[in-house]
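Accompanying notes for the structure given below.
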Amino acid sequence: MQEVTTEKKEFTPNIVAFCCNWCSYAGADLAGSSRLTYPANVKIIRVPCSCRVNPMFILKAFQQGADGVILCGCHPGDCHYVTGNYYTRRRMSLLFSFLSYMGIEKERTRVEWVSAAEGARFSAVMNDFVKTVTELGENKRLTDLRIKEGK
Amino acid sequence: MKISYYPGCTLKTKAKDLDVTARLCAKALGVEMEEIENWQCCGAVYPMGTDEIATKLSAVRALDHAKHNGGKLLTLCSACHNVIKRTNEDMRSNEDIRFRANNYLKLDEPYKGETEVLHYLEMLKNVVGFDAIKKAVVKPLNRKIGAYYGCLLLRPSGVMAFDNPENPTIIEDFIRAIGGTPVTYPFRNECCGAYVALKNAELPKQKSRKVLTSAKEKGAEEVITACPLCLYNLQVNGDGILPVKYFTELLAEALGVQA
Amino acid sequence: MTKEERIENIKKLSGTDVRKCMKCGKCSGRCPAFKDMDIKPHQFVTMLGKGKLDELLACKAIWNCLSCMACVERCPRGVAPAAVVEAVRDTVVRMQGNNGIKAEEIPPIVDELIPQQLLVSAYRKYNK
Amino acid sequence: MKDVEMKMLERAKALLESGEVARVIGWKKGDFCFDPAPASFETVEELDNFVYDYFCGANLSKYLIQMSKKEGKTAVFLKPCDTYSFNQLVKEHRIKRENVYVIAVECMAKLDIEKIKAKGISMVESVEVVGKEVKVTSAYGVETLYKPDVVLTKCATCTKTHQVKDEEIILHERPARDVDRFEEVAKLEAMTADERFAFWREQLSKCIRCNACRNVCPACSCVKCVFDNPASGIAAKANDDKFEEQLFHVIRAFHVAGRCTDCGECSRVCPQNIPLHLLNRKFIKDIDNLYGEYQAGETDEGKTPLTSYTEGDAEPNDVMNGEAK
Amino acid sequence: MQRIGVFICWCGSNIAATVDVVKVAEVMKNEPGVVFSANYQYMCSENGQQLIKQAIKEHNLTGIVVGSCSPRMHEATFRKTAEAAGLNPYMVEIANIREHCSWIHKDMDEATEKAIILVRTAIAKVKLNAPLTAGESPVVKRALVIGGGIAGIQAALDIADAGFEVDIVEKNATIGGRMAQLDKTFPTLDCSACILTPKMVDCAQHEKIDILSYSEVEDVKGFVGNFNVKIRRKARYVDETKCTGCKVCMDKCPSKKGLNAFNMNLNTRPAIHIPFAQAIPNVAVIDPEQCIKLKTGKCGICQKFCGVGAIDYEQKDTFIERQYGAIVVATGFKPIALDAFNEYGYADNKDVITSLELERLMNAAGPTNGVLLRPSDGTHPKVITFIQCVGSRDSSGCGKPYCSKICCMYTAKHAMLLREKYPDTEVHVFYIDVRTPGKNYDEFYRRAVEQYGVDYIKGMVGKVYNENGKLMVQGSNLIDNEQITIESDLVVLATAIEPEPSVRKVATLLTASIDTNNFLTESHAKLRPVESPTAGVYLAGVCQGPKDIPETVSQASACAAKVIGLLVKDKLKTNPCVAIPDEMMCNGCSQCANVCAYGAITYVDKEFRLGGGKTEVRRVASVNPAVCQGCGACTVTCPSGAMDLKGFSSKQIMSEVEAICKK
C-alpha cells in the first residue's frame, strides 16, 4: 500500500472584527490610508457602537466557523454615544470569561479600544490577534459541525 | 537590612577608600553590604554593539546572583552601575539579547531582568532616607561642596532613570543631608573625558579643568564624585584647582566613622 | 564582506535608525569632544546613511568619542550617534591587527594612581 | 412542618372566606408523597388538596406574572429563596405588586426525591424529618437517612432570608451559615480549558431541549422567547448537534446574567440532571468579583450589574488574563 | 424578489492596483439576487454616479452595493445617487475595498479574494435592508462657543451677525485669550491689541452675544440641533452687574503678591484684579487662594472701598442650563512645560525666557512698559539668542512630535522688532529649518535677515549655561561644521505649543474625538475640515491643530458659516437608523431604558388581543425616534430580542457574519 502524504496546508484563521463606526472603524480607515498592513483574513463588520454587538453575533460567528472574534470600540470615556462602551466592557468581560469557563480558548476572543487616531494601533492589534489565533489553531469547540462539514 | 553588593575591580585596588568608607557608613546607617560571591569585572564600559553578548555575561551573572539573594544589587562605582544597569535593561526588554545571553549561561531558570539595580546614592535616598542621614550626622560639614555627576550615572536617562539628566539634584540633596552647602555649576553633568586618556591625553586635561573651573567659579571649595576614574582624572589632570573626594569619604566624616 | 554588507552590518550593530535623523545638529551642539572629532557626531549618522564607509573607517573620531551619551540623551528623534561611532569602531577593531591600543603602548603612560577601570575599559573599547 | 402547613391552611381559608383575596397560590397533593405541584386555590373547598411539606421545593413566584393580572388579589406562599425571584419580577414590571399578597413561609430545606432514590430506596410512601434525620417509609420498610445528603442541591448552599412579607408564618431566626456556593464553580475554574470543555460537553450532551429549565426559570419570563423568534436568527433548529445545546445554554445564561437570583430551579427540574445552576453561578461569581457583591432580587428596584457601569470597571482583556481586581 | 446591483470602483489605481476589480464584478454577476454588476474607474464621479442611476432605472434595482472607499467617505454620496434615481437611500450598502482591503494588502490574489467576500457581505446585508425615512427634529436657534480667544470671538461675531443668539463660555475672567498677550502680529507687524480689543468690545456690545466669562462647561446632553448644556459660573466674589471696573479695589488691596498670569508670571498683581486694562467684561475678580479675607476672614478692605457695593465674599459657584443648536469648540493652546528641557537652563536662569514671556516684555502694557529689560537685573540685553523648535518635532518622548507651526514666524518677528527698536543689539537665531509657507511669510523672514541683519544659524543648541554672569549658548553651526558658543544676555526659547489641557474634558463631554496629541479630530481633513465627527460640533483655532492668527480667524469664520447653515434650518433630518421595539415581544421590563443614554425610551400600557375575544394590557417600550441616536445598547440588553436597530438589525448583522465566515 502506498503511503499517503497529505501536504499540510498552513492554517490561516478566519477573523471577524466588529468595529464601532466612530472610533475603531475610522481607526481601521486610518490604518488603510497610512498603508499599515495586517492579514487579509481579518474582515470588519461595521456597527454603530460596540454596544450593538450582541453575544449572539459572536456565537454565530464561531458557529459559522470563525476562529477568532475581536470587538473594537472607542476608549472608555470617549464613546460617541457617551456610555455605550461601558456596557460593552461589562458584557464582554462576563461573556468572554463565561466562554472560557465553558472551555473555549480565551485567546479566541478579545476586546480592544482603538480611537479614530490610532491607525497604527489598529494594525498592530490585528497583527497580534491574528498571530495569537494562528498559534492557537482552528476553532473546533464552538463550531457547528454541520457547517464545517457542509452537511 | 542586608543587600547584595557588587564592588567591581577598581574598588578592590586603587579605589579602596571608596569601598571601605561606603561599607562603614552603610553599617552605621543600618545596612549590611553583602559582597556577592565570585563576582567578575563588569568590563568598565557598556558595549553598545547589538551583537555584544559575551561582554555582558559577567554583569548578568552578578544580576542573577542578586536575583536569588534579596532581589536588589547595590553598586558604587559609576562605571559598574552604568554597565550593570544597562545590561539589566537589555535582559528585561531586548528579546534577542535575553535569549542569547541565557543560551550561554544555562541558568536553572532564565534571567529576565528581575533584579533591581541600586546605586549607593539611590540606596541612601530611598532605603535609608536623607532625613535619617541628617539625624545620624555628628559632624555637619559646614563647607561649600560641588557635586560632580559626570556622564555615567545619568545617561542614557531613559535606562539609568537616576535623576533629571540635565538638572540632577540627588548629590546636592546628599550634601545638604551631611550639613554641607551644595554648589550647582553647569558642568556637573559634563563628561570629564577620562575614558580616552590612553589614546588622547590632552582631551581629558581640558575637560577636567573646565569642570573644576566651573565649580570654582560658582563658589565650590571641593568637589565630590562617585566614580574612581573621574576622581583620578580630576585629581591628576585638574591642576589642583579644587580638591576632589569620594562622596563616601565626606559621608564618613560627617557620620564620624573612622576607617 | 562587500562594502554594502559592511554598511548594513554597521547599521545593524548600532541598533539605530539613521533615517530618523532630521539633521538638526543638536548632537554636535552638545558633544564635549567636538574639537577632537574629525567626523562630527551628526556626520556619523548622515555619512552612514550615505554609505561613506572608507571615510568612516579611517577617521580619528572613533578613538576620541567619550561615550558620554550626551548626544544620545538629547537627540529629539531618538537617534543614537554614539552607537554609530561605536559600531564603526567595533568594525575597525574587529578586523585583524587593528586593535586600537597595543599592550606595549601602555606602560609608559600608566602612573601608579591610574584605576583599573581605565585599563579595562580601554581594552574593551579599543581592542578585540 | 405539619404545624406550618396547618397555619398556612388556616390563613388561606380565612383570606378566601373574607374575600380579601380571590385566589391563593400554594401546592396541591400529587399522586405520591413526593410530587406535590404548584396550584391556584379559588375556593375553600379546593383547599382540601392543599399541602406544604418537604417536597414543596417549587418556586411559586413566576406564576404571579399571569395571576397578578387577574381580577382580585392573589395570595402567595413564598419561601425565602422565592422572594428574590418575586422582587426581581416586580423590578422588571412583570408582577403587579399591588395585586399580590405575600405570605412568607418557613422553608427548612426541601428534599430531593432523586437523591433519596439514589440511595437505593424506591416506592417511597412517606417521609418524616426529625432534626438531621430523614425517616423514609417505603414498600420495603423504613430507612433513616442523613438529611444534608438528600436535600435539593439549591438548598444545600442556601443562605437566603425573606426579602418580602406582607405577613409571615413561623419564621425561625436562621443561624448564619458558612457555606460557599461558588465552590463548584471555583473547582471548574481551576481546571484546564480542555478539562472544562470535556466537562461541559459531557453535561450538555445530555440535554434533550425539553425546555424545562426555561419554563421554570423566573428570569426566563419573556412574552416570547428569543429562541422562538424567527427574526432573532437563533430560533430553534434541529437539536441534533452539540452546538445547539451549547448555544442555547450560553445564551440563556447570558440573558439571565445579573437577573438570576440563584433560585436553583433550573437544576431542580432538569430531567437529565445537568448542573445548570453552575452556569448561572459563574456569572454571579464574576459579577461579585468584578463589580462588587450583588444579589439579584434583594430589592425590587434599581439597575442590574449589566445595565450599570463605573468608569473604572475592569478591562475585558485583564479579566481574561486574570489580572482584573 | 430582490434585484441587487453591484458597482465596483477602481478608485483610479487605488483599488485597481491590488484588487482585480473586473474579476470581482464578474464574480458578483453569479451571486443570487444580483441582476447587474459593473466596474468603473471613479464611481463617485459624475459619470460613475450616472452609471448607477441608469442601472437602477433600467434594471429596476431594489438595492445596490458599491465596492469602493470607506462608507465614512462616500456613503452619503451614493445614498444621494440612489435617491436621485428613485431608490430609497437606505437601500445602499458600501463594501470598503479600499481602506480595508486594497490599501493594506499587497498580494493581488489575496486582496481580490477578500474584496469578493466584503462585497458578498454587503450583498447579504443589503438584501435585508428596508427602506427608511428620516424623521425630523427641531433646531434650537442658539449657538455655544467654548473659549473666548480670537477663534471664539470671530466665530461668535459671525454667527451673531447672521442674527442668531450666541453664548461665549470663557474659563478666564476675561475674553481675549492668547492673542491679548501678544505685542505685534506677523506678517504685517500691526499691534495685536489694535485688532483684537475692538472685536472684544463688539462682542460685549452685540445684542445677540452673551459673554459668560469665568465659566466652564460642566455637562452636555442631547445632540445636534438640541444640545442641553450645563455651565458652571465660577464665583468671582464680585457682582458682575454692579462692578464698574474703576480699579479702586486693586489699589487698596493689601495682598499684592499674586503672580500675574496675564504677564506670564513676570510680575505681580493684587488678589482682587482685572486681568488687563482692556478686559471684557471689565469686571474685577478675586483670587480666593490669595485673598486675605477669603483665607482668614479678616480684611474686607476692597468691600469698604467699593463705591457700588459689588464685592460679595459669600458668592458661590452657580449653574445655568441652556439649549443650543450647535457648539463651536475654540479652547486654544498653551506653551508646553519645559521640565524635560533643562539643557536650555530655563529653570535655573531668569534670563532664559519663552517667546510668550518675550511678548509681554516687549508689550507696552507689559511688566516693563514695553522696554526690553532682563528679568534678572533689569539691564538692557545686548546679545539675544533665539532657539527654535524647543520641544517641537521631538519624537524622543520629551516634547511633541509635531511642528508647532507658528514659531518660525514669530521668532522672525521678534528678531526683527528687537533689531529695529534696539539697533545696537546682536540677535542670533538657531534653527533646524525655517518654515514660512504663507502669503508674504517668507518675504517677512528674509527681511529679518536681509534688512535687519539677524544672524540665522542652521544648527541646534546643545547646552545653555551660566558662566561669569553670561549665558553661554553652545550649539552647532552645521553650515560651517563648527561648534560655537555665543555669549548672550538673553535667551529666548521658541517653545512648542499644545492644546489647552481643558480640551480633554470638553472632548469627553461632547464625545468629540481627540488624537494622540490631544488635538480635536476633524471629520475629514479636506471634505469636512471644521467639523468634528460628532454632528453639531465645530472646531476653530489651535484646539484642532497648530495654526497662526490669520488661519485661526479663517477657520473660525468657516465654523460660523457651518453653524449658520445649521441654525437657519427649522428642522433637521434625523438619523433613521434608530431602535424599534417589537411590541408583541416586549416584556416591558425596563432593562432597555436603563441603558439608554438619551432617555429615548418610555413605556406605555397597550392592549393586545389574545384571541377568543380576550384582551390583555401590557406595558411595552416605546422609542422616540427624534431622541434615539441609534447606538444599539438597548438591543443587546433586551432579553427577548424585542428591541432591534433599523439599518443594523440583528438579522442584517447575522447575515454579514454568515457571509464572512462561510468558506
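A, B, C, D and E label the chains in the order they appear, each numbered from 1.
Following the convention adopted for this analysis, a residue touches a chain if its C-beta (ideal position, glycine included) is under 8 Å from a C-beta of that chain, and two chains touch if they have at least 3 such contacts.
Please read all numbers here as calculations on a predicted model, not as lab measurements.
A.B. asks: Set subunit E aside and report the joined-up groups of chains, separated by bars, or one piece if nothing splits.
C.D. replies: Once subunit E drops out of the picture, we get A, D | B, C.
A.B. asks: If every step must land on a chain the current one touches, say how few steps get you from subunit C to subunit D.
C.D. replies: Step count on the best path from subunit C to subunit D: 2.
A.B. asks: By that same contact rule, can you tell me which chains touch subunit B and subunit D alike?
C.D. replies: Common neighbours, subunit B/subunit D: E.
A.B. asks: Determine which of the two chain pairs, B-E or C-E, is joined by the larger number of C-beta pairs in contact.
C.D. replies: Contact tally favours C-E.
A.B. asks: Among all other chains, pick the one whose mean CA position is farthest from the mean CA position of subunit D.
C.D. replies: Measuring from the centre of subunit D, the most distant chain centre belongs to C.
A.B. asks: Would you kindly tell me how far, in whole Å, the mean C-alpha position of subunit E lies from that of subunit C?
C.D. replies: Comparing mean C-alpha positions, subunit E is 46 Å from subunit C.
A.B. asks: Averaging over Cα atoms per chain, report the distance between subunit B and subunit C in Å.
C.D. replies: Centre separation, subunit B to subunit C: 24 Å.
A.B. asks: Give, as an integer number of Å, the spacing between the C-alpha centres of subunit E and subunit D.
C.D. replies: The answer is 54 Å.
A.B. asks: Quick one: report the Å distance separating subunit A from subunit E, using the average Cα coordinate of each chain.
C.D. replies: Here the centre of subunit E sits 31 Å away from the centre of subunit A.
A.B. asks: Give the residues of subunit D touching no fewer than two other chains, as numbers and ranges.
C.D. replies: Within subunit D, residues 232-233, 306-307 contact more than one other chain.
A.B. asks: Could you list the positions in subunit E whose residues touch two or more of the other chains?
C.D. replies: Only 343, 397, 463, 595, 637, 650, 654 qualify.
A.B. asks: Could you pull out the residues of subunit C that touch at least 2 other chains?
C.D. replies: 70
A.B. asks: If we use the touch criterion from the header, which chain pairs count as touching?
C.D. replies: Contacting pairs: A-D, A-E, B-C, B-E, C-E, D-E.
A.B. asks: State the interface residues of subunit E toward subunit B in the complex, per the touch definition above.
C.D. replies: That would be residues 341-343, 345, 347-348, 397, 463, 465-468, 472 of subunit E.
A.B. asks: So in the complex, the part of subunit C that touches subunit B is made up of which residues?
C.D. replies: Touching subunit B: residues 12-15, 32-33, 36, 63-70, 72-73, 80, 82-83, 86-87, 90, 100-101, 105-106, 109, 111, 113-122, 124-126 of subunit C.
A.B. asks: In their shared complex, at which residues does subunit C touch subunit E?
C.D. replies: Against subunit E, subunit C makes touches at 20, 22-31, 34-35, 40, 42-43, 70, 74-78.
A.B. asks: Across the complex, what residues on subunit E touch subunit A?
C.D. replies: The contact residues of subunit E facing subunit A are 70-73, 96, 98-101, 103-107, 110-111, 113-114, 117-118, 121, 507-508, 511, 513-516, 521, 533-534, 577, 595, 597, 629-633, 635-637, 645, 648, 650, 653-654, 656-658, 660-663.
A.B. asks: Quick check on the complex: what are the subunit D residues that touch subunit A?
C.D. replies: It comes out as residues 185, 188-189, 193-201, 232-234, 241-244, 246-247, 250-251, 253-254, 257, 279, 282-283, 286-287, 290-291, 305-307, 309-311, 313-317, 319-320, 324.
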